[in-house]
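Each of the two complexes below includes chain A, the first together with chain B, the second together with chain C.
Let's turn to the complex of A and B:
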């Protein structure tokens, strides 16, 4: 959802979202570990750090590039470069060892033949809660309507007095804060490492294209379809095929419905 | 005016003398022996690259401070195989061989090592591997492994499980690469020999964090032991999730690291491994000299990955270089170190080891080090069985 929100509104292929997520998670790890201020504060710090990194990326990289009329490809390459440089900086600063985000116990829950963990249960609850809050904000507030207007038709939105640059800043702030919280949730089970952001952002790309480019609810639906396909597919195919399953599903959806599940037809 | 003419004449004479003088003899290249390394410096295995390079660097610094080896200063040149990417390893090896002209490469991981081995043969370069454990690494010309390979260690975990609690149904979960496949193959072979059955075989990607699909299938197969062909941090993630998903059977493996312990925590209690274990608190004087030097340089206790690459430089390359120099050879020339290694093995040369005593390097590229069965108890490895004459003894 966080990447989908940014992409749907700004049309920037924001690959360094992976760096935002990583830096935010390291902030949470420091907060919950060495600084000892607890996991809830760690989550708040992850959201704050993500927000700041996202804003800095927009202000220092993307906005100057837009001002010199850089192409989408140039902006994507800048984003990729920022990610690679940032990952190296994280590697130097924190070392290559995986760091655990402690404070939430992982125990098993068995419902008949279905087994899952407390962390996975937290993921489901927290994800749907955040999605619900985001949807409510986007559909019921003035700022949310402005974002949807820019995502839908930026020229018309500007004609109606919506400041496109301010909306861009807003989606980078909100989307990056969400990435920070999502990353911290992920790190509860998977730990923090310099390259941890790439896999979730790749999954986000696929989910956004599955759900329909430009559709924010589509990004959520795409994520659900992708997750189900990977995990249900894992029951009949070897587990390491999950990545392949994701791309096969994307391929099928794009062939059958090129605009994605909830994408607008005939644009 | 006269003074100017005089100065001009002097300058002209000096210029002509300089032009006429024979060129100075070329400065003899400083006696520097470059040691190539191809390690996982980036990617999910960057931790291994870091500690392996640290281990080698401690040895290089020690030797250079003592004046070098046979008059040669040592220099490390490190390339990155990006945590197991064979293409990146070949690119790095070409640079080391064609640009840096190294006579020896210290390598890690099975797939990158196998990918660069033909290049090493072509250029007559010695290859030392202290990380990869795939059984495909045996019997490869120019390649010598200083870590016991999966086919040497994995049979003992099955032997232990069969002897200890009569394991009849074994499931395997392993890296989907040469190392993991090697462990899986060795387990299947041993099971067939001891009369147990492999009821589930689940490969996974290196550095995977989610094992839910594999563990669900393993649970469904109702094994009475789970054997891992998984290494490094992945062991911690697997154990954590296996226990959380309710898999309570004994888990066996051939790898354990303090970082995996940190990740897995209490889930690793009772995890049993068969391994040639480096004990930083044990060994002999040379073990302690290494541990102290490593701690002084990096403020942490070395792992066996660091120990293996320290050994490469300190206890394999140092004697080989000295032997080449003693017979008036040039160890920087390709082929010299490789040929000397073969000569040393033919003479049954004893290479010391920081594992204590000596390691036995064999002409087929394998090594024999003290091997034992260990169990994780209170977050540490406790010896629960020695391996003597191919049998586990409690």
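Let's turn to the complex of A and C:
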């Protein structure tokens, strides 16, 4: 949803969202490990770092490009450039080895036939909480309305006195902070590495296009469909197909219903 | 010595991949984030067919090329959406699926272990083993790939690809199939990848999935963009930098583990800076070696023949009412943009379509030319029902249009804009392009003369070699008119030909329209400027709310107080 929010509003194919996520997670790892200020502070730091990286990206890369009327393709290419440069900078600074985000007690929980870990329980609670908060913010507040206005019709929104550049900044700040928290949640179970951001962001691309571009609830729905398809598919298909299912689902949707599940038709 | 030859071989292999991607990205404006995966599939195809089927080298190359061609063609399956962010996502999906399969389909690919012991190719009874022995083969293939990519990129077919890159709707409007262009260019690009892939597999004698990651695809895109899009020499420079930079760093005795990371850092930063300050890359499209062999400026000579303007030629055959539409209906939600609309256009006359804003005039053009499918109704061209015909096919049967917002192919030259619209060019087909180059060359000379003639007609032949975007708006409208005439269509629909243009240009445009009608062309125009309508139109249809409510001579319609009220709004009392 964080990537979907940015894409729906700014129409930038923001690939270096993966870098934002990685940098935020490294901040959390440093906070919880070497700096020893604890995991909750680490999460706060991840949100803050994500927010800063997102803002810096928008201000230093995307805004100057928009000013010279760069095409969508060129903006995407610049985003790719930022991603590979940032990844290698992380690699040079921290080394290629994976790092763990420590401090969360992981134990197994069994509810009847369903077994899961405390981390997975935290994932479920935290993600639904964040989705709920984001939706409430988008639908209940002035800022939220401004964002949805720019997302649906930037020119008209501008005529009505909504400052597009400020809305873009806001969206990058919020979306990137969310990505930071999401990344830190992921890193609790998996590990932090220079290229860790790419896989979840790819999943986000797919979820957004499945749900329908420009539909923020659609992005959440797309995510659910994607997760279900992957795991249900894993039950009937041999193991090596599991990584493939997501992309096959995407391909089928793009062919059959290109506007996505909740997208407007005839876009 | 061997080491540097190896570096050279890798540069050559990479430049084959780069040229393949440049055909897509530079010439056609289509992104592929899956080129590394296509490369991998080709390499596995060559390796497996050599090891398990015992095929000798040239045959394994054929297998690899066949497979990558088909695979790249599959990308164009969701055809109409093959563009922009959809294409990025689609090719990303291909990249990830194929890479996962290479890793996980252990029975076939041996997973992470990879495939080793790929037999060396034998040529003239000798096995090629050392980099130096491989060099001639790789260099020859690279040269071949360069020749093919150059031949395609700089041919009439390449011109259609560039037109498609600059504006898809306008490409349809000059009667060229966008779908065919996309499918073909993806297949060709895939085929070239297959060549590099087979060579790579045999050269390394060992492959595993880690040479075919998403990162590789990204770097390939980066090197094409940095080198220069739509410039093949630029791609060579890009490959040189990409492979050469780490070697130079190593030579300077940088720590080995950071060499690749530093290269990536440099490439990433360069990519960002180039997008901001030099988006066309090191060697841009209209300069340098990549443009070798493009025709020089036309000599200012005597006025060119305008025999196509004589009525005898275009009046051959056909009815006196070349275009007839009946009962056209089009609804957008609750709005009726066309409501049971019918009209006829007589030969050799100028018919105007007037009416207030929002009356549906441009919608009529879109319905007639097929850019919008009607809900019901019929369009007949020369007595033939064309309602179900694709837009670009209608142009080929003689119905063409211009756009209100001009829509030139902005990054192409003025001459190429017009030349692209000439129908029936043998150079747009691959077989004559490679098998009968003399026919292509002869046709190209003829068509260039024709195109210069059309430019002469609008008075812009002296600007033929300038990039279209650099022209003033009025001149762009004239080029659009020349491009329209170049389609050789005889029914011409002009969407606001004189709007937004200085008075001096208006007179010139009107004069040209009169000459077209006098030459037997059937002209229909949408225009807001009523002076223009009275000056040039023989008859007019008055439209309101998706219907035609009056028909007659322009002066008669304008004298009708009822229509005046609709047009200018009712005066309030």
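As a convention for this text, the second predicted complex is superposed on the first by the 264 of 267 C-alpha atoms of A that agree within 3 Å, B and C clash if a C-alpha of one lies under 4 Å from a C-alpha of the other, contacts with A are read in each partner's own complex, and residues count from 1 in each chain.
Convention: a residue touches a chain if its C-beta (ideal position, glycine included) is under 8 Å from a C-beta of that chain, and two chains touch if they have at least 3 such contacts.
The structure presented is a predicted model; accordingly, all values stated were derived computationally and were not measured.
With the two structures aligned on chain A, chain B clashes with chain C. Look at A:250: by the touch rule set out above, it reaches chain C but stays clear of chain B.
Shared-chain residue A:46: touches no atom of chain B or chain C.
Once the two complexes are laid over each other on the shared chain, residue contacts for A:204 go to neither chain B nor chain C. In the superposed model, A:73 lies in contact with chain C only, and not with chain B. Once the two complexes are overlaid on the shared chain, A:177 sits clear of chain B and of chain C alike.
The partner that reaches more residues of chain A, of the two candidates chain B and chain C, is C.
By the touch criterion defined above, A:13 reaches chain C but does not reach chain B.
Contacts of A:91 after superposition on the shared chain: both chain B and chain C are touched. When both complexes are overlaid on chain A, the residue A:190 reaches chain B alone and has no touch with chain C. Stretch 113-121 is the one of chain B that runs into chain C, the other listed stretches 23-31, 113-121 or 185-193 having no clashing C-alpha atoms. Shared contact residues of chain A, touching chain B in one structure and chain C in the other: 88, 91, 96, 195, 239-240, 243.
Per the touch definition, chain C reaches chain A in the complex via residues 29, 31, 77-78, 80-81, 84-86, 88-90, 92-94, 96-97, 100-101, 103-106, 214-215, 218-219, 221-222, 225, 257-258, 260-265, 267-272, 275-276, 279. By the touch criterion given at the top, residues 42-44, 46-47, 49-50, 176, 202-205, 208-214, 216-217, 219, 233, 237, 240-241, 243-246, 259, 262-263 of chain B touch chain A in their complex.
For chain A in complex with chain B, the residues that touch the partner chain are 88, 91, 95-98, 100, 106-108, 110, 115-117, 189-191, 193-195, 231, 234-235, 238-240, 242-243.
For chain A in complex with chain C, the residues that touch the partner chain are 13, 61, 64-65, 68, 70-78, 80-89, 91-92, 96, 195, 198, 202, 205-206, 209, 213, 239-241, 243-244, 246-248, 250-251, 254-255, 258.
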